[in-house]
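You will see chain A twice below: alongside chain B first, and alongside chain C after that.
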Partner chain A sequence: MKLHPMIAALRRHKAGVVLIALQIALTLAIVCNAVFIIGQRIERVNRPTGLVEDNLMLVSQGWVGAPSGDQPGDVEKLDSLLQADLAALRAMPDVESVVPINSLPLLNSSWTGSVALKPGSDLRAGNARSVYYFGDEHLLKTLGLKLVAGRGFTAADVQNRGFRDSGTPAVIIVTKALADKLYPKGDALGKAIYLDGGSSPSTIIGEVERLQAPATGSWVNGFLWNATIEPFRLNANFSRYAIRTRPGRLQAVMHAVPNVLYGVSRMRVLDDDSVKSFAQIRQEAYRSDVGMAVLMGVVCLILLGVTAAGIVGLTSFWVGQRHRQIGVRRALGARKIDILHYFQMENLLISGAGAVIGLGLAIGLNMLLMKRFEMDRLPVLYVLAGIVAVMALGQGAVFAPARRASNVPPVVATRSV
Partner chain B sequence: MLKMTHLSKVYRTEVVETYALRDFNIDVKEGEFVAVTGPSGSGKTTFLTIAGLLETFTGGTYHLDNIEVSQLDDNARSKIRNEKIGFIFQAFNLIPDLNVFDNVEVPLRYRGMKAPERKERIMGALERVGLASRAKHYPAELSGGQQQRVAIARALAGSPRLLLADEPTGNLDTQMARGVMELLEEIHREGATIVMVTHDPELAARAQRNVHIIDGQVVDLAEDPRFHAHVVEARQGQGRS
Partner chain C sequence: MFGYYFQLGLRSLRRNPALTALMVMAIGFGVAASMTTYAVFRAVSGNPIPDRSARLFTPQIDAWGPQQNLKGGEPAEALGYVDAMALMRANEAKRQTLLYPVQLSVIPQGNRDLPLNANGYAVTSDFFAMFEVPFRYGSGWSGQDDAARTADVVISDELDQKLFGGADSVGQTLNLGGHDYRIVGVASHWNPRPRFYDLFSTGGFADEPDIYMVFNRALDLQMRTGGRNSCRGSLSFTTWQEYLQSNCVWITPWVELDSSVDVAGYRRFLTNYAAEQQHAGRFNWAPNVRLRDVMQWMDQEQVVPPESRISLAVALGFFVICLVNTIGLLLAKFMRRAGEIGVRRALGATRGEIYAQYLIEAGTVGLTGGLVGLLLTAVGVGGVSVLFRPEIAKLARLDPSLVALTLAVAIVATVMAAFYPAWRAAHVQPAWQLKSS
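Right, the complex of A and B next:
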């Protein structure tokens, strides 16, 4: 098909052509960036935490009338309360293991600090920021963390720690990401590190494959996978217990846990949010991400729908306007398929022009988002896929009116009205 | 060249059947210039649309260039329209968005002709009608007579076996009509077969043969003294001028 007469004809309908091309360009620019953001959100939501998340739950509770932890002897008193709870929970028939912890991935309750290779250092090149997890010898088993080097904690490693204490453990487990950052040659095991600029060394005795930080905000992106696990039982006027249940018994344990704890002592606060499955924690952590992805998806669909409707409308108008002209073409020998192809090719030209403008707009919009909202660079693949999508959308939208045009009978050429 | 035998065309609605053509017979030989006349609503245009394969018919047979066309599918009919028939319409039917050159090119493009041959034929046809210098003009920039000449060039460019003209001078003033008619006569003298539908007895008289249609049937001119008188008068007038 010769394009020159088609382009010449389109030039004589500038307003409609320009409007549709711009609509396609804007659609391409917005949809490309929106789909990229949706993709990033989905990737973020689906990234593994490092935990075995099935059959895992968390209990968060506060003591009533317990010591504040600030006075001498408070830690011992709080620890006895903690130990009583642990004993009761571990005695539950459907519970496989329990660990007292300070936080969990996705809980948005973070303990962060700096890790250094030398005593008394603050954050410098070669050191790293990290999140801190506290737990006893049951931590690896309860959370399902995969140990890739060294060993886990023994009961002898575990110490008590008050909420405001700043003690340093003699031994420590780190994530592989943190180990590789501190010791890029892979020889972190057995080496000493210093926490928060302290002067007491902590020896790395184990490496776990992966453990995500509790926070989900962008501020933690730089050290999302840097975690240290310290052998502490945190003694505060609240406590958190991660519980791994036997397979399929999660709901039963979640239901039974409050009564078990009240059986130990009624002097505690357990509310509706105190007992959560890890699935609930994940859902709550990523609620805004999922919401944003859904919203952007809906906006994209609406935009694509409006663009498709615009193409259908304009093409239908042109078919009506050129009714007689189509009849003349048919009379002069055009087959139905020739008329169909004519309108499809015409749409391809308009969509192509829109795609070229849209390509520039998509990159421009991405640069703006990168500058203002710390968004990543839009991969070329997204733009190419977007171009293919808007071209396909155009062809799909033009099909019905083009088919209607192809059914205009040639005898129309002889009619005076 | 064009032979219709016992041909009929019926338009049906839920309540009524209307015969546009009934037991219609015509035989146009190669190289003839035939004028088809008749009052409004007699079936002239229906005959032309069926002859040009723009419409199907209800009964009878139609042979065009020795091809029986009733069983042909839409694509085959399009191909015959494109290769064997040249149309000249009363309303010119040029495509307003295309310039003269591109308008004449339309049927050639559907034939899949190569660009150099298309160009040669287009310029030849435009020279033939005296409008080669207007190739880049748009229809709106031409007079009615010039537009009809472009339409004739478009019909001629494909070297059709049959030219079908539907009231070719109907939208033109006398002077322009005379020019277009002279052009058709010239084309006929060069060997083209032309079937022209007209309601103008004066134009009809300039054709080689006249076919009169009344109520969808061809009638013998000798049995219609009124029409016969018109034709004789027109021919005498032509002789005087």
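Right, the complex of A and C next:
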């Protein structure tokens, strides 16, 4: 098939050609970037936290009229409140284990600091920043963390810590990511490190495979997997308990927990947000990511639909306009398939041109997004896939009008309309 | 003539139902997507206190130094105790307040047997006048009460409802966290969004505070901040006094300044204060201070969530594609009637009249698309909770101004999209058309 007459014919419909090409180009630019955003969000939401998330829940509560923790003797009073709650929770029939803890991954409540190999050395610069988790000897078991080296805490390791104390523990457990950062040779176990520029050493007694930071914002990206677990019972006028229930008993325990705690003491605040399953915590943390992916998905689908509909509309119009010409071509010996191919080829030309412009627009839009919204660079694969997709969309959209054109009988040529 | 053309427009909607439905849906979806995201964007980026925003300023003083301060040499977003108190004592502005969030609980009394959460702010007396807090009963407290460190408290309408059934509770006693407080005022519903006065702790969106208490009283009770606390370097404090003297920042200051002369004066005062501190050896760096008004502060703190900006950008791009699509379809729709236009022109219609007819016809398409868009916007506004946190999602509402805007955008955009097709229609050659048919 010769392209020359086709291009000559297109010149007579400049506006329509430009509009279809433009629409293809814009669609390509937006769909490529939107699909890329969707992919990134899905990847983010699917990264494992390192916990065994099933049958895990969190209780956050505050004591009313409890000491603030700043006076001497406060920590003892607060610890007796904490111990009473722990005893009651651990005595519940469907509960496997309980740990008092300061935060959980995805909870967006962070204790952060930095670790160093030498005492008193500055911290932020070396970027060995870390998040801190405080818990007792039940922490690994309750959260379901996988120990890859060393041992977990024993009851003898665990100490009390007031809310504003800044003491450092004698022993700590770190994530493998942090251990490898500090000791790239993989011999971190048994080494002493210094927390927050302090002068007393903390010995690494265990490494866990993976444990995510509580925060989900971008500020934590540099040290998302650097976690340090300290053997502390945090004594403040609030407390958090992570609870692992027996399989399938999560709902029952969630339902029963408030009454058990009120049974220990009624002078506490438990509100609607106090008892949460880990699934709820995950859902809240990633709400905007999932929402963004859904929004982008819907926009893409509608956009592709609108573009396809536009192509159908304009091509149908052209077919109507060229009714007689098609008849003449048929009368001069063109087969049905030739007419079909003509319109398909024409569409391929236009959407090809559109795709070339769209390629530029997609990259331009991506650069704009990178500059303004901390996006990553759009991989070429996405753009290539996008080009194939819009070309296929164009072919799909043009098929029905082109079929109709190919069905124009040759006799039309002889009629004077 | 307008009425007649409008009728013609309505009639032509029915002529090519498929083509028309396509256009109407494209405009409807485009408008709805843009308006839904705009509704959220408007809610999160609006001016929360329009009549005073240019007179309220938050001072920042760099107490961390160039090694440890924020990106771009920015001072911390709040003040520590030492600097906050120094500003308060200097009393250089017309009005000034310090504030930090507190979390308390209402101790059970009478027939209630479970404690309630009561979150709020420790503030100084000027807070209520500076931010125009409306009162249902009573009022705030005075500067003397600040100095006397009285146990006064202002409660929200909602807490008043819960505790006193909405009655005038001024003068009543309230036990918060084991201490008695006297209620001096009940604020009517007041929750400016974004919460410009406490961006440090809230990020701009939070439920209405339940209580406001005397700042000095909260310090006396050694009440720690219920919001953010940010420190630098190795932390060595153990007691409350040491904490107050540390470099931790947790207090947000606000000052009210009426004229640009006052603003310049206050800026000079801040610089001088920082220079004095440098001179005294407390800071070993040059003065680094900021004085931003409400809108500048919201901009600096990036109150508008990034997902709101991205979705607005995407929705606008989407709308543009829908319009390009509409141009094409209108062109097809109009040019199908080239013969009819030829006849009209031959019978004496001017180009202007052809323009008028086809633009009005496009307007009717736009109107129909706008109505569809309105329905979809209502659906969209109901569904924004999938994308945003509930406290932001519930700000998006379909109010009369949004309804008007949706229709206006749909009509104006469609009429603009129709200019080129209408131009083509008006330039149809009557002779040519008459001959060829």
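Everything below uses one rule, namely that the second predicted complex is superposed on the first by the 413 of 417 C-alpha atoms of A that agree within 3 Å, B and C clash if a C-alpha of one lies under 4 Å from a C-alpha of the other, contacts with A are read in each partner's own complex, and residues count from 1 in each chain.
Definition applied: a residue touches a chain if its C-beta (ideal position, glycine included) is under 8 Å from a C-beta of that chain, and two chains touch if they have at least 3 such contacts.
The shown structure was predicted, so the numbers you read here are calculated from the model rather than taken from an experiment.
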For this session: Label the relationship between chain B and chain C on chain A in the superposed model as either fit or clash.
Result: fit
Seminar exercise, completed: After superposition on A, vertex chain A (C-alpha centre) with arms to chain B and chain C, in degrees to the nearest 10, comes to 90
Exercise. Does chain B (first) or chain C (second) touch A:Ala8, or do both, or does neither?
Worked result: first
Exercise. Is A:Arg330 in contact with chain B, with chain C, with both, or with neither (first, second, both, neither)?
Worked result: first
Exercise. Does chain B (first) or chain C (second) touch A:Asn46, or do both, or does neither?
Worked result: neither
Problem set entry | First, second, both or neither for A:Asp271, with chain B first and chain C second | second
Exercise. Once the shared chain is lined up, is A:Ala309 touching chain B (first), chain C (second), both, or neither of them?
Worked result: second
For this session: Have a look at where A:Ser288 lands relative to chain B and chain C in the superposition and call it first, second, both or neither.
Result: second
For this session: Could you tell me how near the closest CA atoms of chain B and chain C get once both structures are overlaid on the shared chain, in Å?
Result: 11
Seminar exercise, completed: On chain A, the footprints of chain B and chain C overlap at residues none
Problem set entry | chain A residues touching chain B - in the complex, by the definition given at the top | 1-2, 4-5, 8-9, 12-13, 324-325, 328-336, 338, 409-411, 413-414, 416
Problem set entry | Contact set on chain C toward chain A in their complex | 19, 22, 25-26, 29, 33, 68, 103, 105, 107-108, 113-117, 177-178, 222-224, 233-240, 243, 305-307, 309-311, 314-315, 317-318, 320-322, 324-325, 327-329, 331-332, 335-336, 386-389, 420, 424, 437
Exercise. What part of chain A is in contact with chain C in the complex they form?
Worked result: 15-16, 19-20, 22-23, 26-27, 29-30, 34, 37, 62, 64-65, 68, 70, 120, 124, 163-166, 196-198, 262, 266-269, 271, 287-288, 290-292, 294-296, 299, 302-303, 306-307, 309-310, 313-314, 316-317, 320-321, 365, 369, 372-374, 417
Problem set entry | Touch list for chain B against partner chain A, complex | 45, 48-49, 52-55, 74-75, 78-79, 81-83, 87, 89-91, 93, 95-99, 102, 105-107, 109-111, 154, 166
